[in-house]
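Handing you this structure, nothing more for now.
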Amino acid sequence: MSKTYWNAPVASSEPQGPILEIKGLSAGYGPMRVIHDLDLVVRPGERLGVVGLNGHGKSTLFLAIAGLTGWQRGSIKLNGREVGGSRSQGPGRYTHLIVRQGLAVMPQGDEIFHGLTVEEHLDSGAFTPRAWRERAPRKERILAIFPPLRKLMKVPVGRLSGGERRMVSIGRGLMVDAALFLVDEPSLGLAPKIGKGVMEALMAIELGSSAMIIAEQNVALLEGRVDRILGMHVGTLKGEASTSLASQTKRDL
Amino acid sequence: MDLGFVIVSAVTLACIYGTLAIGISITWSSLGLINMAYGLTFATAGYGAWLVGDQLQAIDAISDTTWIVGPIVILAGILTGAACGVVICAVTFIPIHDKPNFTVRGLIASLAVSLIGTQVLLQVFGPRAKSLPPLFGDWELPIGNVVITADKGGAMISSIVLLALALRWMKSSRRGLEIRAMMMNPHAASLVGIGVRRTGFYVMALTGALAGLASVLLSQTYYISPFSGLTPLIKGLSVALLGGLGSVNGAIVAAVILGTNEALTSALLGGQYALITQFLLIIIVLLFRPRGIAGILDKAREA
Amino acid sequence: MSEIWKNPLAPWRGDAEPQEAPSEAYSDPGEVWRAKRQSHTKLYKVGRLRYYHKWRGHGAKTWTRTRYWPTRRRVLDIRGEYNPKILRREKTIVDKRPIWWLLSFIAIAVAPFLAPKDLQSTLISAGTVFLIYAAINLCWTLILGTAGIFSLATMAVVGAAAYGAASMSVFYGWPWWTLPFVGGGIGFVFGVVIALPATRLDGFYYALLTLGLNELCRVYVVQSRTFGSATGGVYGADSFIPTGASQRVELIIGYFASFALMLSALALFRFVNGKRLGRILRMAPEKREAFAQAVGIDYRTARIQVFIISSVGLGVIGGFYASYFHGASPSLFSFDSVLLGLAMLVIGGLGKAEGAVLGTFIVIVIDKVFLQLGPIRLILVGAIMLGVVLLLKNGLFGIKHQFRDWRDKKKSENRSTRAEKGGEMLPEEATEAGDKDLIYAQRFDKMQRDYLKGVVSEKLVEEHARNPLGQHSEPLERLLLYFRRQPQVDKYAIAVIEPFKAYRIVALSGHRGVAPRVVEEKTYPSEREAYHGVFLRRVQDLLES
Amino acid sequence: MSDKPFDRRQLVKGFAAGAALTAGTGRYSMASAAPAKPTGEPILIGLTISQTAAAGVADHHDHLNGSTLALEEINAAGGINGRPLEFRIVDVDLLNAESCQAAIRNLVDQKVHAISSPFLFVPIPAMDASVGYGCPYVNGNTQRASTDLVAAHPDKYAHMFQMDPSEVYYGETFPIFLQDLEKSGAWKPRNNKVHIVQEQIAYNQTISHSCQAALKNSKFELAGITDIQYPVQDWGPVIQDIKKIGAGTVMIDHWVAAEYAAFVKQFRSNPLKDTLVYLQYGPSQPEFLELAGKAAEGFVWSTVLGVYADKKGAEFREKYKKRFPGKVMGLCYTGAGYDIVYMMKEVWEKTKKPEDFKASCEQLRKTAFRGVCGWSIMDNKRQEAVQYPVGTQDLEKGMSQLYFQVQDKQSKIIYPFPLKETEFKTVPWA
């Protein structure tokens, strides 16, 4: 029995399905549940902003997509393939497999390898055999996006400044052809000007058929530059997100 | 004091120590595991090589041709070591690597494995030491008033080659990069597609193979017996510690320093002071450099 | 599924009402409830609330008055409360550990007299070794658990003190009662020596450094002509066990002396761990020193203090050891004994007095009592170590905590399967909601909507389009009743623009004096169509919610 | 794995009850049509056998095998006074005081009638643990310090017997051996210098000291001392020292067979010409010959407790090899274990009452026992066997120290001359 029978049929003009489809996701750590029954659909070519205060689950959402939370339930489909699972899993146990499905996570803070040089760092991002073979031109491409890194290639990342680290972190994520980029608070802890620069660079990235979600506390940095903005409040998405169905239905009756 | 002699024995010892320490250092750096079962791997690999060697000795046609027996025995040692490493990984690393308190628990788990394994070896093979057939033929090379035997020379050359290869591999390959990345931040490593568990097996098989190789190469110094792994373990740990846990470069520098120290001590003070000077040296270096020699080499490491 | 609905009012109304209409079969609203409340994945029933036995009578007063002399600590942590349901006073023992301790002390005290005759000397001497090692491990726990510093120099301190004390007695003829003091003195010096690097090094660097120190002691002792060259140790020290006593008396004296030693080690542990020094140390664990310093904790002094205190304790034990065994042997410093000691602590659980004692007990029993088992013994110890370490977070005494953590996680997961969107209140909201009935109202509402979503079908819409007013089929009636029951805020209404010509859908503001807002520009030519328009909107909203 | 003792599995399985051994005995006696099957309450001998520790497992296992052989023979021949003999075996870590004590206490609990122990490195706590019980405690500790203690407290330690001479004789006999060898003409020393390479543990230190003292009273002189310490990673410096000092005789005073083997190999590749190299006790462990292979040829070693090569000894060797087939047979504690059991048999056959410990001890003290390792006469203050040739000049009044030389991959007795199997051969690196 179709529930949307009476309305106009869903307009699926896109050639492929959504890149990310989250249904009924709950996730948390131990006794604490951070994300409550969340739904989200991200389509190819979309640049999405998630805005919310500290501790409302933006990072946890990203970690849940990457399989890094303490436990999670519900369905996460990446490129139509189920990566979430409803098991209570140890954090990070399947992350590398999820990542290999086409996910690039640029985490909040300095989730980077202190001892490696910038160049090795970028290399480490090239985890598919193809990317590893083509790592030289890819590095060039990233250096074109972040020119300041060019003269730092041989410097251990531990010695870089916060902004440079963020650039390295984002550059590392760009080394493979990901279908979905998750950028967690690109401006956190950076001077406003540098933060803006990092944001510019993110906006400048050609998405093609992939998609990008940027989590940010500062709405001003996102407004007008992303395709849609969702608010995150105590573990649920408000705004457009909860009406994901609405984006499919038409109201011109 | 005969300088030439001191240099030769320093090089010999440095080779032995470097070979012993590198496996421990890599294990610690990538898995965060102080592998107390390293000595067990060492002993088990020796027994594996011995079993194969014993079988080969029985075949008359090839029992005297070193160029056939040698490589097969070495290969047997390496394979047994790798298998042992995989087992240790499956028991001590896989079940608990993402659980709280992993470092201490991993240490104790590997200790327990070593305790059990040693007793099993003792019961299966008996307490008597075994030796391997000569692996590098039967030549001698006099340098000044020191004579380097085939076994020693072969072991030295192979360990230098081995260390060079290991260093090069760690520096230039994707696997090496993965191992180094995992050692710095396992969480972030999984974000760049590095499977922690798979890499764990990988690393342990590799270090097991290194231990196996070391065991075969040093079988003339540490004969194969159930407890023969203890000394290599302690030596390897102290070298790795002095080098700075997790730094392969540091371990090699430390091996050279400790080898020189031991050669000098033997020449100047007498062999019985070798252990004392060794530990004093380690303590002094650590008091000034709490992160070992790697703390000097690599300033970017976290304090 | 579908069936024909017969209008029961048709005979009375004539043509004004349809005789029958295609409709949906009846579906049970209870189904939704049952389905929702069931978990999607298999879940196991886990645990319950903490259970306390409730004793009669209030009792708070008498119990709070009794304290451990000379501290102000209460003997038992007893909570007195009034139970409003049964109108009775009751008391609860919150922390039952002192009772368990007391029982085990009694067990230890009577054990030598209950030991079977043909195993007596084995059991009593194993018991003595257990008590001595328990004392050592208690002091070690202070450093390893309370201070959180991975020091392996414990046996080095004990050994050095034992050697020092034994040689004082052997070479200078000092009587047995001086030996613990000699040991304590040596322990003090050692404490200072090992405390200094602890302020600089941490983690495994410190562990391996202390292991090196241990090895250094062993090497020194093994090759020192004074300390070892004759007998593999210094032997012949004066003992507190009177010469000429029968074997049984000898054993019993040794046993109870060791028991006293263990009790004083326990007292030392309580004294340090439960007081200011212990708190300071726990506030400044490894790698967090900077934070501790930032809030004004002088962790360096605290560490040096705890090292000195526990080392003096260990030294005294070393002196006792020398006196009991008539000397000391280099095996005190061996790698194995350090690691076996570590295994004892880990089996019991790091940082807990009861863990240190129980772990020691298990290992010593296996190692020293089942001597005939031969090699299987050590394999057994190894297997226990492995099992404990692989399965348990913090040893045997961590099981309770670990189980509770696991149960909490399962509970949380379990709840997440019930908390569908808009249904159950989130915990944060629920705690803030003044009217707790709302929590249930929301849940009920959610279930109803879920049911109604399943009811909506093309036939119902057609039925409503044909006949917006009047008697409807049962499912449609349910739907309309639900819509009518909605609150005034944002409720749809029909505004007449021009009677019989044009109607428009508006939404009520819900507040007196505030005009309704226009929902859409579209106008409907008839009242019936407007009714149906409102219906469609409501259905859409329902489906989207 | 051909040298794996075949009774090991049986041993492990049967330890708990100690029954496996007696069961085996039963079968043995049936097969050989025994005179009378022993009946009655078994006589118990307790054995402290190291099975799990890092040190001494091989020697202790030899001891157990030798004892087992004796037990099987005795039970097959009708037991002692018609009573069967049984063993009680406990594991011990011979470096650890608590473990030594626990082992003895355990045997005491099992009410054994005598304790037979190969050796413990920390004997004093074990001795103390057995004091209250007082059954005969026969050991092969080879340690003067503990027998001195027996001499100092004759009442307390009346039950302690060391069935072999103490380690000090290693040092004291050495110059005598050299002199006699030279006199016999088989060996022409390069010079009269003796170079001692000494390990640091108590046992080696004592030997080194007594040897240095003995050298002063002989025509040989001490040329130098090199200190080493277990584990020796590289023998290069030692060999360099040997060549630098250039003594005619080198004594390697160490104890680990495997490291001896390493030394032998390195020395042979870079030898000091025509030097007599004497290796302390270590090569008695059979693995030495296997590890060193043909490099062991020509090295000399000795033991104060070894199986003679005379008729009695040869017979024992024959029986042992049949019962425990293996590549190389140990020559020290195999005989010791065998002898202790027979010694106790002799004692109990005289006293008739194994339960009377005092009488047994008294009898044991008086007994002059001739076993496969020679005469064990412990009727002296220290209650240790008299040594030949230092303790007594009469071969019939003492246990002879045996000097072996490795010839054709076998250890052959070369000294004392009345007991020799073969002549001393000039070292191959001459």
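Things to note:
Lettered A, B, C and D in written order, each chain numbered from 1.
One rule holds in what follows: contacts are C-beta pairs under 8 Å (C-beta built on N, C-alpha and C of every residue); 3 or more make two chains touch, one makes a residue touch a chain.
Note that the structure is a prediction, hence the values are computed from the model and not measured.
If you compare A-C with C-D, the chain pair joined by more contacting C-beta pairs is C-D. At the centre of the protein atoms shown, by the Cα-centroid criterion, sits B. The distance from the centre of chain A to the centre of chain D, with each centre set as the mean of the Cα atoms, comes to 75 Å.
Centroids of chain A and chain C (each the mean of its C-alpha atoms) stand 34 Å apart. Taking the mean of the C-alpha atoms as each chain's centre, chain C and chain D sit 57 Å apart. The centroid of the Cα atoms in chain B and the matching centroid in chain C are 39 Å apart. Residue positions of chain D with contacts to 2 or more other chains are 12, 51-52, 54, 200, 229. Annotation for chain C: residues touching 2 or more other chains are 219, 223, 375, 378.
Checking each pair of chains for touch leaves A-B, A-C, B-C, B-D, C-D. Touching chain D in their complex are the following residues of chain C: 118-122, 125-126, 129, 219, 222-223, 225, 228-233, 235-236, 246-248, 250, 325-331, 334, 336-337, 367-368, 371-378. Residues 150, 197, 200-205, 208-209, 211-213, 215-216, 219-220, 223, 335, 339, 342-343, 346, 350, 375, 378-379, 381-383, 385-386, 389-390, 393-394 of chain C are the ones touching chain B in the complex. Residues of chain B touching chain D in their complex: 2, 5, 8-9, 12-13, 16, 51, 54, 119, 122-123, 125-131, 140, 142, 145-147, 149, 151-152, 220-223, 225, 227-228, 230-231, 235, 262-263, 266-267, 270-275. On chain A, the positions that touch chain B within their shared complex are 66, 68, 90-93, 95-97, 99-100, 105, 107, 111-116, 120, 123-125, 127-128, 132, 156-159, 172, 176.
The residues of chain B lying in touch with chain C in their complex are 34, 36, 91, 95-96, 99-101, 103-105, 108-109, 111-113, 115-116, 119-120, 122-123, 230, 234, 237-238, 241, 245, 272, 275-276, 279-280, 282-283, 286-287, 290-292.
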